[in-house]
Amino acid sequence: MTAGKHRFSTFLLYAVAILILVVQIYPVIWLILSSLKSSIELTSKPFALPSRWLFDNYSSVIRDSHLFLYIKNTAIVTFSCIILIVAFSSTIGFALEKMQFKINAKLLGFFTIGIMIPVQVTLIPLFIMYKNLGLLNSYTALILPQVGFALPLSVLIFTRFYKYVPNEIIEAAVMDGCNIYQVFWRIVLPLTNNTIITVASINFIFIWNDFIFSNTFTNDSQYKTIAVGLQEFIGAFGATDWGQTFAAISISILPIILIYLILNKNVMAGMSEGSVKG
Amino acid sequence: MKVLKDKKAWIAFMAPALLFYLATVFVPIIQSLLYGFQNWNGIGTRSYIGFDNYVKMYRDPFFWNAVKNNLGYVAIVVIMQVFIGLCLALLLTYIKKGTSTLRTLYYLPAVIVTVAIAQLFRNVFSLQPQGLLNIMLDSIGLGHWQKAWLSDPATALAAVSVPEGWRFIGLYMVILYSALISIPKETEEAATIDGVNGWQLIRHIKLPSIANVISLCLIMCITGALRGFDIPYMIGVPGSSTELVTTYMYKKAFSSMQYGYGSSIAVFIVLESIIAVAIINSLFKLRKGEAA
Amino acid sequence: MRKSKWLYGAMSAILLSSVLAGCGNEEGKQADGSPAASQGSSKDAKTITWLSARPADGAIVQTIKELAEKYATDHPGFKLDVQITADRPSYLTKLRTLIAAGNMPEFIDTDADPFAQQLAGQGKLVDMAAFLKEQGIYDKFYQPALKYQELPDGGLYLIPLEYHLEMVWYNKKLFNDNHIQVPKTMDDWLAAANKLKASGITPISVDGTDVWPVLRYAAMLPFRQTGNAFIRDLSQGKAKMSGDVGMRAARFVAEMGKNFQQGFATTDYTTAKNLFLDGKSAMYWMGDWEIPSFTEEALPAGMKGNVGYFYLPTTSDASTPNNEFFGNSGIGLAANADKFDGAAKDFLTYVIQNYSDAYVAKQQMSPIKFEIADPSKFSSLFQSVKKDMDNYGSEFAKPWDTLLDADTNTVMGDLVIKLAMGATTPEQFAKEIDDTIASNASN
């Protein structure tokens, strides 16, 4: 390739990348701009710049609603779930993929079926179960089912990843005198940084966004999560105050963006580790 | 290796999580399965009616309409999420600077609450007031193509599938990208030396190396799409052009108070997914066989 | 070895603590720190739960909360826990899940629909007719408000907490510019809408997402022709949609549907209203709860002095008088019969005696007959509608979604939107409705 051609194709690449970036970012920008508009403007000119930047929506959300409580609740539930999910799926995945038992394949299939269940249909049985256990109206009622339903996919991701871990490494460790726990904790697990982050981020999205479990299992507004709490802005007969809703959403996105920016460095570290080792 | 056959260790690794999974997921599922054989409206008495619900399902035209819609939905979502995600991932591998920023930003839509996405696209597709899509069509001279995308029966299904597809492109892109960059450099170098370049490199070296991950993504995406619910439920137009199997199931269970029937539909979804996964797995096994 | 044990220790600790946290909270405190209630019937230290579908900052919930606070000063230990789910479909899912699990709270909100009928049939709801008569307040209600809450079999198990009329708000300027008078008959109305459409104006803006605004159009002609007899008969399989009355209604929906804004099926409530307020549509059907949006002070600059209203026009063969049309007394309040002794009953008695004055003070229409003591506190629009209310006939038009069984309701909602969109024919619509009703009747 001549230098010119090379530069052109690079330019093209970047152009496409940036175009896609715009498509991906635009909604967040739209969200924030919309939260600054008055109700009528949202209908009449939804895509124009706000005529006046009304911060009223933000001030009333911060002052009157329980948004920060909801953010706290969502954060507690989400992070507890992620810790449990990573812990469970990494160990199950290891047992199913690396340890040699005939029943492993069947168990893996057993977990795989869990991906396919539409959760809405289990609402009533779960509700009855939690009621009988006295777990309703607590963080537990939200954490338990979401961890449970997240396990199948996370286990699947870990088992697939473990396939890439060469058995030679394990053999070498055993020869060095490691027992199985040390093999897992010292040898295999450090290789899975990448996978852990993948599993964590996928589940983060689903659990942060969850509506159906929070709506059904919590009655107390003390435990409401963001998705449910956003209904605060729905008025009589279905009239929704979109301006306030968008303001609330914009506020709740901020912590997530911060987390991603911080974690981004770790992701990079994990990635390069993976490519060097491979 | 004896170590890998240590039963006690295996139990230690498996048991807590397995019990957890059984208790929180499987017990309710078995119960739901039983509901599928019952006639229950949520308040009154339940009676076993054998396979009646399944027969009803077989004969229900609205149900099969939902199945058909769901397949269309799955197609669009998979193409957007996995296919475009893959293209983006490949694109990123060729870009030297700013990849990590791009990656983080591409991921952003996944983080936005469903309510916001639903409302955004409702606005984008709207005709009165004129939404973004129609504004753009107008500005490039295709004004006569304007329509109410979400309610027109011809386009409603696509309009409802696009937001869901768009939402997680970044997610799949990240997964596939990390798979792509963990392909050992030696493999790529060896191929380049052999004269394999550009498109051929992608097709014969890169993609097969991450076949495992691609199949995982397909499984994730398809089983998720077969259970698609949130967005079609929120901005779907009443009138069955955007009815998916899960929304139909939900309406039957909680609106129509036919809880037993809803449960039997859920069973159908599970069976569908099992078949889909089996197909994907066998397709990829075939591929592997060819490559080897 | 140590490390893995630490890992497991950490995991178990987290799991254990979250379980304990859950258990602890269940036995211990309630939302605001007051001690949890025992399930007994003692009047002291009691928390009453009200599962509500109403908006948290709305006048009704505010009023009841105020009353609860006043009540609590005389009854120490009493607490009203209002649990709100404002989105109606989510509320219904929650309500049905709770009841299916045997967890019905002391008070719930529900419409007088077949679900409520089933609850009443199983003795789960308190007989409100008896209760209100016992309190001597039954006759003080506006009759249409009570009638609206009656179940299909005539029993009253719900109390209305609000009272509304529904009307067509119209843009005076658009009417004048197109030489349109306020329509007196349904035919006039359809003609007026068609005329506006021909001039390139959107005649009516409609909220299709919530379905009920579109369903109203189906109910209009039958109400004029037969009162509520048609829908009652239809829901019981005694009348058919493909019959005379039904077909007229279906055709009206198909015709009028052409005059809705494009894409109405996915337009939400706020957007439809804003289209009207922005001057983009000529008419908007909505109830008087929107008065605050239509008073002179609230109207946007371009619309001041430009908004009028009219009620459902009549027909030549009407069996219902002009002063009967659409209104509603909102979602009803029901009480759990199993939990209605002691504090719950006492509290409700207190509420029902004091509700009206407190509610009216917020510039709302109370379902209990009231007079405006100080007109200066109420907008002229409010007073004008109140006069209409005092002149109202005996019964509201029953909304169809409260009389049809749950499944037919869901199907009807889907089909009526299709019909209004022009995606199905009136004949096909009628046939599918009849089929659905027939198959559900056999259940």
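Letters A, B and C mark the chains in the order given here, with residues in each chain numbered from 1 onward.
One rule holds for everything that comes next: a contact is a pair of C-beta atoms (placed from the backbone, for glycine too) under 8 Å apart; a residue touches a chain by one contact, two chains touch by 3 or more.
Because the structure is predicted, anything quoted here is derived from the model rather than measured.
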Message = What's the farthest chain from chain A if centres are computed as the mean of the Cα atoms?
response = C
Query = B-C versus A-B: which has more C-beta pairs touching?
reply = A-B
Query = So how far apart, in whole Å, are chain B and chain C when each is placed at the average of its C-alpha atoms?
reply = 36
Cα-centroid distance, chain A relative to chain B, in whole angstrom = 15
Note = Multi-chain contacts in chain C, i.e. residues touching at least two other chains, fall at 11, 93, 100, 268, 271, 275, 280
Inquiry  = Using the touch definition from the top, which residues of chain A touch two or more other chains?
reply    = 43-44, 87, 124, 179, 181, 184, 211, 242
Remark   = Touching two or more other chains in chain B are residues 12, 16, 42, 126, 129, 254, 259
Query = For chain A, which residues are in contact with chain B within the complex?
reply = 13-14, 16-17, 20-21, 23-25, 27-28, 30-31, 43-47, 87-89, 91-92, 94-96, 98-101, 107, 111-118, 120-122, 124-126, 129, 144-145, 147-149, 151-153, 156-157, 160, 163-164, 167, 170-171, 174, 178-181, 183-184, 194, 198, 201-202, 205, 208-209, 211, 226-227, 230, 242, 245-246, 249, 252-253, 256-257, 260-261, 264, 267-268, 271, 274-275, 278
Ask   = What residues of chain B sit close enough to touch chain C in their complex?
value = 12, 16, 39, 41-44, 62, 122, 125-129, 147-153, 235, 237-241, 243, 251-252, 254-259
Key: Residue numbers on chain C that touch chain A, as the complex places them   = 1, 3-4, 7, 11, 14-15, 18-19, 21-23, 25-27, 30-31, 49, 51, 54-58, 81, 83-88, 90, 93-94, 97-98, 100-103, 207, 209-210, 268-271, 273-275, 277-278, 280, 287, 289, 300
Key: Residue ranges of chain A touching chain C (in the complex, touch as defined)   = 39-40, 42-44, 64, 80, 83-84, 87, 123-124, 127-128, 131, 134-141, 143, 179, 181-182, 184-186, 211, 215-216, 219-222, 228, 231-232, 234-242
Contact footprint of chain A on chain B as seen in their complex = 1, 3-7, 9-10, 12-14, 16-18, 20-21, 23-29, 31-32, 35, 42, 88, 91-92, 94-95, 100, 102-117, 119-120, 123, 126, 129, 131-132, 135, 166, 168-171, 174-175, 178, 181-185, 212-213, 216, 219-220, 223, 226-227, 229-230, 246, 249-250, 253-254, 259, 262-263, 266, 269-270, 272-274, 277
